[in-house]
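Chain nomenclature is as follows: A, B and C, assigned in order of appearance, with residue numbering initiated at 1 for each chain independently.
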Amino acid sequence: MDLEKIKSEVEANVPGCRLETVANPSPSVQHSLRLDPEHAVAVATFLRDAVGLRFDFCSNVTGIDWPPTEVSQKVKVRRLVEGVEQEVDEVQKTTTPGSIEVVYHLFSIELKHGPLVLRMSTQDRDAGVHLPSLTHVWRSAEFQEREIFDLFGVVFDGHPDLRRLLMWDEFVDHPMRRDYIEPDDFEYEPTAHDEVLRRAQQHQSETRPADEGGIR
Amino acid sequence: MKRVDETLKSELGRQGIFTTTLQDLYNWGRTSSLWPLNFGLACCAIEMIATTMARYDLARFGAEVFRPSPRQADLMIVAGTVTKKMAPQVVRLYNQMPEPKYVISMGACAISGGPFKQGYNVLKGIDRYIPVDVYIPGCPPRPEALIEAFMALQKRIDAQQLTGTNRPRHLNADEPSEFAVPQFGAHDLQPAKNPAVWNAPLVQISQTGNDGSGKN
Amino acid sequence: MSTAAFPAAVLPTQQIGSEPTSGPSTEQLLELSMGPQHPSTHGVFRMNVVLDGERVVRLKPVFGYLHRNHEKIAESETYLGSMPYTDRLDYICPLTNNWAYALAVEKLAGIQVPERAEYLRVIVGELTRLQNHACLVGFLMQDMGCSGTPLMYAFRQREMVLDLFEALTGARMMCNYMRFGGCRVDLPAGWLDQTKKVLQQFPRFLDEFERLLIGNEILMGRTQGIGVLSKELAVSAGISGPMARASGVDYDIRKVDRYGIYDRFAFRVPLGSHGDVYDRLMIRVLEMRESLGILDQAMRDLPAGPIVDPKTKIRGFRPKPGEAYGRIEAPKGELGFYLISDGSPNPYRYRVRPPSLINLTVLEDLCLGHNVADIVIILGSVDIVLGEVDR
């Protein structure tokens, strides 16, 4: 199905929604449609029910972490250097806040077409991680959205049962985020060096007295 | 306890006089009817099931009675990846088994985390929490390897002494039969290992001469 | 399929934390935790069940006891480095997992697969389906209390297929057979004849099985009308594979996507009409017969030629930036891989769409109102493997 056609059809039927096509340069040519979170439920319901579209099967829901990126730019600024005003190069760094993107892959069982790829992004990765839940549109999103909540930390508003799916409830981190740091696992090769050696020495001084090879 | 002279014993046996020792009887009883706990964790468990089926026929070794309850079992085959979420349950099951009890650590995962060693939710070896009698490497170990592990365990039991300093754990009132169950923490299990069973491996480091280059 | 609009949304029947809406007061209810170590849960799966006498009034599955961080690890592996890990997802059918992953990467990088390799994929894929379904039927009978015999028969058949896998790939279970753009090794001498021999025995096994079980009064009493899944709920909840087809959803990815060379084979897609445990069991038996037909055709037509696209790079494989979602009809349902490449040798994001997990979405709906003993067979008829549920 032609993505542009779907886009214009949705725009005509869901007033106010902002859609954007995202091109996919790979040979798979699975382009996607970015939704705005406010109208996501309305758009999703329309895609499910509209005659001729009928995306009744939400196959895959997943999250993608886009950590903050630093873009450095070289700019010319005028500044006093040793008493003389000169034009110098300066590197300016701008940081984008990063976001977590949620992707839905839709198929139509009735009309046997697909995939249609929907994307939504959170505002940032700390406080603005709220997105609307599409579980009420496609029940198959129920566990998958819970998994994204667990591993990426996206809060789905309107989800009927938003708890951690895979990790235990006391766990506080979101391990699929790219900046997750694993706890120390006491693993090192016998010829450790640098950082690993320091860690090994630390463990030995904790657990063994000095005369057994521990280091104090 | 004095050992019976083996040649005398077989000579007497030929004459129709059966002699034995309490120790032999005791060990024979334990070796020939190991009841494993019906307990599978991952891929290795499928090979464990295959071992009990007609082709490999574990019944030949007196170990075909898989008990669903730990209270009736005396051998735990840790077959598969132990995740951090599962580790407390494994230790609890072990604690619930009556003495004498044995553990076979089946497969790379149960030994060290195996292919999933880098995983944040994977325990790097069940021997961090409970003592293990036999390790069988493999991913998965073939059914023949599991049978080999059984025979190794039986040999080990056969060689045990009722008294003396190297008597088995369950005959030594000072040795624990239950081990601490780890708790779910905010980032990791608490504690991350049981120092009574396992310590971080020693790295030979001379305190002065190591510059971190790997050459001592 | 009718064109009438689907009901607005089929929602979870009860929300967590809420009191059951009707029935006896909470004091009379019994909370029961089944699993993670329970002989009927096929691994480390746990269900928190609330019972009114023997009747289930609430059921919440608990996951994660086998969460092995496959997706996180894959982000630090090369594309090919993840291939052995896919074996360990659904460890009963490693070859179809390989296939789904290879297909996704081939979409991502635009790789063509030579014809012979496609045929080999179909052959090993259908063999995998055969042994998966045989195992499932065996385990399901075991869950019903028919201890031993059916499972023993099923494993006898499975061992024959595993021998074929071992001769071909070198491993019984963890085959690691497919490569991007083809397969790893060609058939060893005599493999096809051996396969034909194994397949000749299969119909006899199926006949025997059907005679033993299918008309069996006890089995019918135990499974018919239990765990009924409606067509609407099946579609809305993303149920795929034999479980959806048992509810009458006519959707087989082999027919819809026609991936590989499935358009060359004549086969039928069996559909159920009741969506109960009995239908789910029968669908598997019928699918095994269709797989036998596909195998016959594939082995008859197998062409000569290369088994891997020579243009594909093995070392330094870096697909261009972009993303792809590839899926196949695995024995358990729609197995998909979603990959994002940023041009580096490792995928930026690697996601497995696990059919086992998503098919469990409706577990509570299926079990409500049934007895405790029925939970076990309903779960057995869903056909899950924990390695794939938790990944």
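Here is the rule we use: contacts are C-beta pairs under 8 Å (C-beta built on N, C-alpha and C of every residue); 3 or more make two chains touch, one makes a residue touch a chain.
This structure is a prediction, so every number in the text was calculated from the model and none was measured.
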{"item": "Chain contact topology (line, ring, star, complete or other)", "value": "complete"}
{"item": "Chains linked by the largest number of contacting C-beta pairs", "value": "A-C"}
{"item": "CA centroid of chain A to CA centroid of chain C, Å", "value": "28"}
{"item": "Rounded Å distance between chain A and chain B, as computed from the means of their C-alpha atoms", "value": "42"}
{"item": "Approximate Å spacing (C-alpha centroids) for the pair chain B, chain C", "value": "33"}
{"item": "Sites on chain B at which at least two other chains make contact", "value": "85, 120-121"}
{"item": "Multi-chain contact sites of chain A, meaning residues that touch two or more partners", "value": "166-168, 175"}
{"item": "Multi-partner residues of chain C (at least 2 other chains)", "value": "64, 67, 69, 72, 390"}
{"item": "Chain B - residues contacting chain C, complex", "value": "38-43, 45-47, 49-50, 53-55, 68, 70, 80-81, 83, 85-86, 89, 93, 115-116, 118-122, 139-140, 142"}
{"item": "Partner chain A, residues of chain B touching it in the complex", "value": "85, 117, 120-121, 124, 184-188, 192-193, 195, 199-205, 207, 210, 212-214"}
{"item": "Residues of chain A that touch chain C when the two form their complex", "value": "24-28, 30, 48-49, 51, 56-60, 62, 64-65, 103, 105, 109-110, 112, 115, 117, 135-140, 142-144, 160-161, 163-168, 175-176"}
{"item": "Residues on chain C engaged by chain A in the complex (per definition of touch)", "value": "1, 3, 5-6, 9-12, 15-16, 63-64, 67, 69, 71-72, 107-110, 233, 235-240, 249, 251, 256, 319-327, 334, 336, 338, 340-341, 348-349, 351, 353, 357-358, 360-362, 390"}
{"item": "Interface residues, chain C side, partner chain B - complex", "value": "36-39, 43-44, 64-70, 72-73, 76, 84-85, 88, 91-92, 151-152, 155-156, 158-159, 172-174, 386-387, 390"}
